[in-house]
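Once you scroll down, you'll see the structures, which are given as C-alpha cells.
Paired with chain B in one complex and with chain C in the other, chain A is shared by the two complexes that follow.
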Partner chain A sequence: MSIEQREARQPWILLTPALTAVGLLLIVPLMFIVVYSFWLKSAAGADTSGLFLDNWKEALTDRFYRDILLNTLKISAITTLACAVLGYPAAYFIARSRGNKLILLVLLMLPFWISYIIRTMSWINILGISGALNSALVWLGLISEPVQMLYNETTVILGLVHFLLPFMVLNIYVSLDGIDTNLEDAALSLGATRWQGFLQVTLPLSMPGLAAGGLLCFVLSAGTYITPVILGGPRDAMFANLVYEAIIKQLNWPLGSALSLLLLVVLGVLVLIYNRYLGMAQLAKGLG
Partner chain B sequence: MGWRLIRIYTILVYLFMFLPIAVVVLLSFNANQFGSFPMTGLSTRWFEALWNNDAIMRAFRTSITLGLMTAVISTVLGVLASLALVRYKIPGRNLITTLLIAPILVPEVVLAVALLLFLNFLNIGKSFTLLLLGHVIFTLPFVILVVQARLVSIRRDVEEAALSLGASPMQTFFSVTLPLLMPAVAAGGLFAFTISFDDITGTLFWKPGGIETVPTQIFSMLRNSISPEINALGTVIIVLTVGLPLIGAAIARRLATKSGG
Partner chain C sequence: MDDTRRYERLRERFQNGDISRRSFFGLLGAAGAAYGLQMPFARQAFAAGDVTQVRFDGWGGVVSEAFRKHAFDPYTAKTGIKVIDGTFPGGDEYLAQVRASKAGEYNIAHLSGVFDYARYHSFDLTSELNIDNIPNMANVMPALMNAFKSITPDSLSAAPYDYGTTGLAYNRKFISDDEMKEKGAKILIDAKHKGKIGGWSDWRTRMWYAALQTGQDPNDIKDVDAAWDAVRQHRDLALKYWASGAELMSLLSEEEIHVTEGWSGRIYALQEQGHDIGYYDPPNGFGWQECLFVLKGSPMAACEELLNFMLDRDTSIAVAEGQSYPPALDPTKVDLGDKIPKLPAFDATGTLSGLTFANPAYWNGNEAEWAKEFSRVQRGY
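Moving on, here comes the complex of A and B:
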C-alpha cells in the first residue's frame, strides 16, 4: 500500500468510532421505529409485525393528539417569542459593553451548568402557596390569603423561558459580536438616528443569530417532557408527555413510535426550512 | 431605547435568571421543617439529612459513575472524529458533520424512544449499559463542537515541524497536538459530564427499575411536594456543577500558562 493510500484511509479510521456510534445508536434506531410504527400492539405481549396503518390513523386523526400537538406548537412559539424579546436587548448590552463583558458572559454560561430540574423546581419556591411571592404579597397586605399561582400554562411557559433564555442570548450575542460597530457609526454620520441605524443596519445583520436562537428554543421546548409535569396542571401535557405515556405507561410501543415520528417530522420540517435559508454552520457557531 | 434603559433591562433579565436559584440556596438553610417562607432561622440540618439519606447517596454514586464513563467515551470518540474533520480533506465533510451533530437536533424523547425500542428488539433490555450508550450519543455532538473549534485554531505548521524532524504521526499527536488541545479536551469532557449528570428525559426512558440518577431521584421526590431536603440537594448540585467547571477552567489556565501557551 502506498503512502498516499494510507493517508487517504487515515481520516476514515479516525471517524469510524464516532460514525459507528451515531449510526448504531441513532440512525438505525430511527429507521427501526419507522418500521415499528406500522406494527400492531397485541395484548399477549409480543407485538404483531406487519404493515398496519392503525397507529398512524390514530396519531393523525384522534382529536386528543391533534389538540395536544397544536398546543405544544403554540407553547413553543410563545416561549420562543418571549425569549427573543427578553434576550435581544440583553445580548445587545453584552455585545456593546466595554468593561464587564467577560463577567456578563460567564454569568450567562452559568445556568447551562445548573441542573435543569433544579432550575425548573425553583419556581415552586417562588410561586407556590407558601412561596416567596405569596409571602411577600401577604406581608405587604396586598392579598389576605395566599393564591395558587402555579400549575397552569403560564407557569409552564415561564419555566421554559427560564430554561431556554441563555441559548437565545448566546446566539444573538455571537451574531452581534461579529458586526463591525463602524457600520452603525457610518449610518449615524449619514444622518440616521440611533434607532434607525439599529433597525436598518444592526438588526438585519444579527438576524442569523436570532434565527438560530429561535430554532433552538422552539425545538427544545417542543420536545420538553419535564417542565409540564413539574410546573403544569393536569391538563397541560405537551406532546412528549404523550409519547412517555404511550411507551412507558401503556407499553403501546407501535403507537409510541408513530407519535414520536410525528413529532420528529413536524420539527424536522422546521429544521429543513431553517437549513435551506441559513445553514447548519450558523447553528454550530452559537452552540460551540 | 437609551443605553441606560438597556442596562436596567439587562439587569432585570439577569435577576430573572438568578433569583429563583438564589431562593433555592436560601431556603436550603431554612430551619423550618417545611421548605418555605417565612424562614424561621438558619440551620444546616437538611444537609445532614441528605448525607444520611441512602437513596440520595446511591443516586449520587450512579450519576458520578455514569457521568465519568460518558465523558471518557464521548471525549475519545469526539477527539478522533474532530481530528479527521479538521486535519484532512475528506469528501462529504459537511454531510458527516451534520450527521455527527444530528443527535442534538433530534428531540430527546424521540432519540430516547428509538434507542430503547431498538436495543430491546436486539434483546438488550433496560440496563446501565443502555443508559451509558444513550448518554454517549447525546453528549458526543457537544464534545465534537468544542474540540473542533479549538483544533481549527491550532496551526498545522507545528505538527508539520514535528513530522519533518522525524516524529511519527502518533508521536506528533501525543507530544504536540494533544497538549495544545488539552483545554478543549478538558472542556469537552466536563461538558459531557455535566450534560450526562443533568440529563433526565432520556434517563427516565432508559433507566432500569431500581436505578436512580440524581435528577430522577429529585423528580420522584418532587411528586410529593417540595421539601427543604430537595432545596439542600439543589444547593449541593449547584455548588458542584458551578464549582467544578470553574476549578477546571482555573487548572486549564494554569496548565496553559505553564506550557507557555
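Moving on, here comes the complex of A and C:
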C-alpha cells in the first residue's frame, strides 16, 4: 500500500469507532422505527408487518395532528424567544464579570444537578393555591383569595423557559466571552454611544451563540412531553404527548413511529432552514 | 426504567411520606447507580439458567414498602433468591415495557383489572401456575378467582391480591355529603364547580363515569355519542387531569380541586392524614381487583413460592393495611383483624356482589377506538 493510500484511509480508520457508535445507536434504531411506521396495529396482539401507508396517511392528513404540531411549534417559538430575551442580559453580565465569573457559571450549572421533573414540579409549590406566591400576595393584602395560576399554557411555557434558560445563557456566554472587548472600546472612541456599540458590534458578533442557543431551545422544547403533563390543563398537549399516548397508552407502535418520525422530519427541516440562513458552522462557533 | 422515571417514583414516595427528606436526597443520587447495576446482573443470572433473583414490578409508594418488608425480605431469607422490585405508574406503560423486553426479563407484576389479564393473554404473555405450589390460594375469594378463570379456563397466570374502587372524592369544606349523594357522578359535570374539578387521565375511567352521568350501564354503553359528550363536558369544567396517585392526593389536599374520582385506598390515606376529604361510591361505581401476574418465561417455581408468601395471612394483612386496599383473602375463612373491615370497598360477605367490575371483553373490545378518541377529546376535539 502506498503512502498516499495509507493517508487516504487513515481518517476512516480513526472515524470507525464513532461511525460504529452512530450506526448502532442512532441509524439502526431509526431504521426500526421507519419500518414500524409502515406496519399496522392489530387488535389481536402482534402488529401486522408489511408496507401499509395508513399510519402516514393519518399522521399527514388528520387535522388533529396538524393542529397539535402547529401549537407545539408556536409554544417552542415563544419559549425560545423568552429564553433569548431573558438569557442575553444574564449571559452578558456573566461574560463581563471580572472576579466572580467562575462562581456565576457554577450557579448557572446548578439546576442541571437536580432532576428536570423535580424542577418542573417546583412550580406547583410556587404557583399553587397554597403556594408561595399566593400566600405572599394574600399576606401582603394584594388579593383576598388565592388566584388560580397553574395548569394552563402560560405555566407550560414558564416551565419550559425554566428548563431551557441555562442552555441559552451558556451558548450566548460562550459567544460573548470570545469577543474582544477592545472592539467595543474602539466603537466608543469612534463616537458611538454604548447602546450603538452594543447594537452594531457586540450583538452581531454574538449572533452565533444566540442562534445556537435558539436552535437548541427550540428543538428541546418541541420534543418535551413531561412539562405539559405536570403543568398543563386538560387541553394542553405538545406533539410528543401524542407520540407517548400512541405508543404507551394505545399500544399503537406503528402510528407512534409515524408520528415520531413526522416530528423528526419537521424539526429536521427547521434545522436545514437554520443551516441555509445561518450555517452549521455558526452553530459550531456558538457551541464553542 | 429510565433515570427520569426513577426520580419521579422517588419523589412520589417522598410526597407520600414513605421516606424522609434526607433519604430522598440520598436515594436520588443512588437511583442511577442502582439501575446501572441491576439489569446487567439480572441478565447474567438468567443466562446462567440459575435462579438467583426474581423481578417484581408494582405501583410503588406504600405498597412497595409493605411488599419489601413483609414479603420480599422474608422470602429472600428463606430461599436465598433476591427480589428486585421496580415500579410503574400504570398498566399501559408497563405492558409497553414488557412487550419491548426479552422473555424472562420481567417476572411478576401487580396488575390492575381483569381486562389487563385479558390483554396480557391476548399478547401471549400468560404463564401456567401450578396451584399445588401455592396452598394459600385456597383462602382467596372464589369471586376473584373466577374472573380470571373466565379468560383462561384451563390454567391461571395470576393470583388475585387486593381490590378497591374508583369512587368520588370531595373536599367537605366546599361540597357537603348531602350534595354529593344528591348529584352522584353528575357532580363531575356540574358547572357550579367549574375550574375545581379533576379527573384521572384514563380513558376507561372517563367513559365509565360518562356512562353513569348519562344514566347508562358502564358495561354496555348504548349511546356512545352521549357518553363522549359527557366526557367533553367534564373536560371543559376540569382544571386538571391527574396521572398518578401522588398527584391525586396533592391536588385534593392542597385544594387545587374540590372534587374528582379517586382510588379508595389513596383517599383513605388522605383521611388518615387528617384531611377532611369525603369518599362516595355512586351506584355502579368502578370496582376493580388487582393480581400478582406471572409473566411467560419466568422461573415458575420461584415465582409460585413468592406468591404463596404474599398470600400468607400475615403478609396479606400487613400489605393491605399498608396500602389501604382490602386483601383478596376470603373474610369468611380468614380473620382479617380490626383495621381491614374499616377500609373503603371492604366486602365482609366475600362475594363482592356489591361492586361492579369492568367486563374485560367489552372494555378490551373498545380499547383501540376509545383510547384514541379520548386522546382527541381531551385536547378539545
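Note that in this section the second predicted complex is superposed on the first by the 251 of 288 C-alpha atoms of A that agree within 3 Å, B and C clash if a C-alpha of one lies under 4 Å from a C-alpha of the other, contacts with A are read in each partner's own complex, and residues count from 1 in each chain.
Simple rule for what comes next: a contact is a pair of C-beta atoms (placed from the backbone, for glycine too) under 8 Å apart; a residue touches a chain by one contact, two chains touch by 3 or more.
The shown structure was predicted, so the numbers you read here are calculated from the model rather than taken from an experiment.
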Clash-or-fit label for the pair chain B, chain C on chain A: clash
Greater chain A contact set [chain C / chain B]: B
Touching partner for A:181 - first (chain B), second (chain C), both, neither: neither
Partner chain in contact with A:252 - chain B first, chain C second, else both or neither: second
Contacts of A:130 with chain B and chain C, given as first, second, both or neither: both
Contacts of A:226 with chain B and chain C, given as first, second, both or neither: both
Chain B versus chain C as contact partner of A:100, first or second or both or neither: neither
Contacts of A:116 with chain B and chain C, given as first, second, both or neither: both
Contacts of A:30 with chain B and chain C, given as first, second, both or neither: first
Chain B versus chain C as contact partner of A:48, first or second or both or neither: neither
Which superposed partner A:193 touches (first chain B, second chain C, both, neither): neither
Stretch in clash, chain C with chain B, out of 113-121, 149-157, 221-229 or 239-247: 239-247
Residues of chain A that lie at the interface with chain B and also at the interface with chain C: 115-118, 121, 124, 128, 130, 226, 247-248
Footprint of chain B on chain A - complex, ascending: 10-12, 14-15, 17-19, 21-22, 25-30, 32-33, 36, 86-87, 89-90, 92-94, 104, 107, 110-119, 121-126, 128, 130-132, 134-135, 162, 165-166, 169, 195, 219, 222-226, 230, 240, 243-244, 247-248, 253, 256-257, 260-261, 263-264, 267, 271, 280, 284, 287-288
Complex contact set, residues of chain C against chain A: 3-4, 7-8, 11, 28, 92-93, 95-96, 99, 122-124, 195, 199, 203, 235, 238-241, 243, 250, 254-256, 367-368, 371-372, 375-376, 378-381
Touch list for chain B against partner chain A, complex: 1, 6-7, 9-10, 13-14, 16-21, 23-24, 27, 34-38, 76-78, 80-81, 83-85, 87-88, 90, 94, 96-111, 113-119, 121, 133-134, 136-137, 140, 142, 144-146, 148-149, 169, 194, 197-198, 200-201, 204-205, 214-215, 218-219, 222, 226, 230-231, 234, 237-238, 241-242, 245
Chain C contact footprint on chain A (complex, rising order): 41, 43-46, 64, 68, 115-118, 121, 124, 128-130, 148, 150-151, 226, 229, 233-235, 237, 242, 245-252
